[in-house]
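I'd like to ask some things about the structure below.
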Amino acid sequence: MGRFLLSRLVDGIVAIWGVVTIVFVVSRLLGDPAILLLPVGATEEQLQQLRAGLGLDQPIWEQYLTFLGGVVRGDFGNSFQFMRPALSVVLERMPATMALAESALLVGVVLGAVAGSMAALFRGTIVEGVVMLLALLGQATPVFWLGLLLILLFAVDLGLLPTGGYEGPASLILPALTLGTFTTASIARLLRSGMLDVMKDDHVRTARAKGLLPGTVFLWHVARNSLIPVVTMVGILAGELLGGSVVTETVFSWPGVGRLIVQAMEAKDFPVVQAGVMVIATIFVVINLFVDLLYGLLDPRIRARR
Amino acid sequence: MTAPLLRVEGLRRHYASGGGLFGRARYVTRAVDDVSFDVMPGETLGLVGESGSGKSTTGRLVMGLEEPDAGRVVFDGTDLTSLSSSQRKPFRRRMQIVFQDPYAALNPRMRVGDFVQEPLLVHGAEAGPDRVAALFRTVGLDPAFMQRYPHEFSGGQRQRIGIARAIALRPQFLVADEPITALDVSIQAQIVNLFQDLQESMGLALLFIAHDLSMVRYLCSRVAVMLRGRIVEMGPTEAVFGDARHPYTQALLSAVPIPDPAHERGRKRLAFDAGGYAFPPAAALRDLGGGHFVLMGEAA
Amino acid sequence: MALLAIEDLSVGFAREGRFARVIPGLTYGVEAGETLGIVGESGSGKSVHALALLGLLPQPPGRILGGRAVFDGHDLLAMSEARLRDLRGGRIGMIFQDPMTALNPVLTIGRQIAEPLMRHKAMSMRQALDRAADLLALVGIRDGARRLSQYPHEFSGGMRQRVMIAIAISCEPALLIADEPTTALDVTVQGQILDLMAELRDRLRMTMVWITHDMGVVAGIADTIQVMYAGRIMERGPVDAVFANPRSAYTYGLLQSLPHGSRPPGGRLMQIPGCPPDMFAPPPGDPFAPRNPFATPRCHVEAPPLRPVPDSVPGHMVAAWYDLPRLLA
Amino acid sequence: MREVWRALTRRSGWLGLLGATLLVVLVLLAIFGPWLDLPDPTRTNLRARMVAPTLSWFSLGAHPLGTDQLGRDILSRIIAGSRVTLMVAGAAVLLGGVLGTLLGLISGYFGGWVDRILMRLVDIQLALPLMLLALMVVAALGPSLRNLVGVLALVSWVRYARIVRGQVLAVREREFVQSARAIGASHPRIILRHILPNVLTPALVVATLELARVIVLEAGLSFLGLGIQPPDPSWGRMLADGRTYISSAWWIITFPGLALMLTVLAVNLLGDWLRDFFDPRLAVR
């Protein structure tokens, strides 16, 4: 187990290193930051001075190492817009993003699990039909449009909830629903098909041959076994969720990391972009590490292999 | 005495499992461990053992589908293990393999006629439709089936298609890897008879891998018994079946069900723990005379 | 009196809009204390009918079209699912073919053995686990108390089948249905399981239905053999009589196609030509007729009923229009 | 072909048929849009700003789905937008599909260090939410159509590579591939004749599911202003522009979003059906 943890940790670090490299390459493609930073009409001398100040006159591999070293220390440089460390700008916005992502995941897992189980239990009935139809629609509705529709309905027409911003729990409801819909739909569909598959397994037949009550069979022999693919899915969905948060935050003017990244991109404030992307990638890697551990808890076969 | 067509010497294949990014392998499975045997031209050697005994791996090593960790496979005087894959190609004409699972052994996206024709094309042999049709007839199939896809055939028919492909290049030697295990009882005899016919008409030598001991006794002139990667007993079939010396062979023979109620009622099965059995130190195959070998320690 | 009496059981299967009567109408009985060996190839309906009896047949694609199956005075097919559930795992135990998939991989062995005890014997988890340890000892697994907390993947195939047996006999069933329980096992392990089952049967005085495709296995364990083909009983009777004097061309062909000893020079196995019928388009008449060299014209048009063999022991029955001994003579 | 038809018309297949029909209609509209008698999608008309939808289809000059804040006809903009969207998404999925399938084949067939490096690359890319990756790259390279296709292809090759590799690993061990090796068939022959035909259908399934993802991703980028640039109409951009007028003109955001949802739904339905038909095991991804 310890060895497994270590090897997964190394995998995660390699992945983050890869992200760092991609971020570095992309940011160098962005063009000469010195030109972007200085007002139009700056002299060549001023440019040279700034380049030296940013370390842009060094050979590329040295810049890379400097950049890597900075990342390790959590130093992404100062934000061009805010004139203070980019990482702290990003971290300030973290609570908002985490609140949104957590509520969306909660919505998705709870609603999705209930809906998926219902669909599997009542297969061939209207319940399954309705759940699956909603899930199909939920998977097909882009977050930004869903967000706009919800605003139109609940904020503009009914005036029940705020259109956006970050004031109290009421303002969390619409963004969390918006962001959680895709997760709900995906989990519902996966759980249903997983359960229907497990129901065909030999060991469920064994359980029924024991004369166990339907509730026992469902809970211990179907649901318990169907959780494993769902847990894997949650890891993948976390990525969708974090990516979706970029758009959702923009739609609802939610002061999170996603919106910050988009704004920083428009302002060519790439230390903030880099720090934001790194933070999100790190969260994603950590989530997947947890998913892997959970996976082992659920499946003794995998536990044994570690 | 003629020279053997196939000589296998000290063949070894170990699998490592477990381990990760930095760790070394945690378990080593000795799939095949110091296996040696000969097959004479036209002869049928049976290779028996339970699942995981290494008999199928041995067949794959002989065919060069897997590289051995040690040992040699000598075919008609040439050491195949030292050859590059292009040097090996001419030998592929002369030795072929038939697989266990007739459902997995055919390419589901290829017409069976093309599938049987493929070896002829690969080796630049005469590959016209007449030649393929003749092969279909040889294995007892209607050449009209050539245009069909595998899913349209029954298990027995698929196995015939697999055999047609294997004999397309008129090989001298065939590995038959549990060719009847997956078939219905009423079909098994058809396939065994087909093997027998081919052997008589083409002079094929056969390495017949199986776990059905009654069939091996019937079909093979010599038999080798494998246990956990090693041959524990080998010899002329009647010697091994009539006078088994290794406790594992004895247990195996005592367990074969015979379709005779009177015999079964009087049966006493010998206990043998295949997983827990410890090979004696310095065990080697020792000749009991008449080509009957048993794996024994030095003291015996 | 028969412990289990099946009358005219008929089962169908739907696939891709086509329908097959895989069992056109099956009638037989099992006496209390008897071991019935049912032999057949894939598609003979031997496993399907057993699942249908216990309400375990997946429906759809399967469908029970009619018939009765009276167990201990009550019709299993007419029973409510709740009453059938009380019998399953309690008075009727079942063992399946593939021990690698028949156990739940994520639950401990102990829990899986304890479940039927808690369900049918109203035991607490603790009592059930104690009993489960005894059951493991009974099926020849040493160190049972420790192994209860292990998972199926920590057991070999033979050991898993022993666990399945422990589950099936946990509530001391009157009837045990074993569906190819040794097919997936190696020969020596199969031998051990056969010995174990025979011993348990005698000790617990169980009635047993043993489903297999292996004539050798039936010869060893069964009192009565019943040979099935295409959903029908071709022949049935005491094992000694049927093996010594088969009256169905199918039974005869099966026995003859098996090798006996070593091959005489130039010898060939007797083979049954052709392949089993497509149940979506079964032949009219005797389903074996197209493969049967002894078939009479009547065989091809009219299915023969299962009738007693006049000059054999009582209970020996065959479904054939032809008289095999006379044809062979 | 007959089998496909039978499966499509089976009870569970009608959803797939629905998806396929929707998709065909959409593609036909996109192709023949310019020949329809509709207002120019880029022509502004400040006197007809934010006209509410009228459903009088055949009256000339009317706007069945209304007009936007610049008086442009929404219906013709949606149809014009579908051209761009389908072209960009189609090209990206094709490009990503070919690249991913190729790399997955190589990775799975040859194994070894090539496989290790490729799969590590896949892991790394999967550690980065797609939206962010696409955002970064588009921001760096500039939002031209070609760059957009490139970025979307870059984002989608991973899934093909993964699925195809997994399939190759499974197919490679199948006995007919062993048999091809036993007769001495060359690597290209084995890959092309025996492996590729058996992994193409899973790749096709991935392609449909990817198409849906890429369409949404492209719309998202356009919504954020980093995708398709004006004057080319795009659904995402229309949504972004309509946001401001959400309280006065609901139709500006409703119809482009509906078009987007229907498109994704159609593709998903078709993809689900293809998956169930060809290989239910792909359901868990």
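Letters A, B, C and D name the chains as they come in the text, with residue numbers starting at 1 for each one.
The rule is short, and it goes like this: a contact is a pair of C-beta atoms (placed from the backbone, for glycine too) under 8 Å apart; a residue touches a chain by one contact, two chains touch by 3 or more.
Here is each chain with its UniProt name: A, D = ABC transporter permease; B, C = ABC transporter ATP-binding protein.
Not measured: the values here are computed from a predicted model.
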Quick check: more C-beta contact pairs at A-C or at B-D? A-C
Could you pull out the chain whose C-alpha mean position is farthest off from that of chain B? A
Could you state the distance in Å from the CA-based centre of chain A to that of chain C? 53
Chain-centre distance (mean CA atoms) for chain B and chain D, in whole Å, is 49
Using the average of all C-alpha atoms in each chain as its centre, how far is it in Å between chain A and chain D? 21
Taking each chain's mean CA coordinate, chain B and chain C are separated, in whole Å, by 31
List, in ascending order, every residue of chain C touching at least 2 other chains. none
Per the touch rule, the chain A residues reaching chain C in their complex are 200-213, 216, 220-221, 224-225, 228, 298-301, 304
Listed in rising order, chain D residues that touch chain B in their complex are 174-176, 178-186, 189, 193-194, 197-198
Show me the residue ranges of chain C that touch chain B in the complex, using the header's touch definition. 41-42, 156, 186-192, 194-195, 213-220, 239-240, 243, 253-255, 257-263, 268-273, 275-276, 291
Which chain B residues qualify as touching chain C in the complex? 50-51, 154-157, 184-190, 192-193, 196, 211, 213-215, 217-219, 237-238, 241, 251-252, 254-265, 267, 269, 271-272, 274-275
Parts of chain B lying in touch with chain D, wherever the complex brings them together: 60, 63-65, 85, 88-89, 92-93, 96-97, 99-101, 104-110, 115, 118-119, 122-123, 162, 165-166, 169
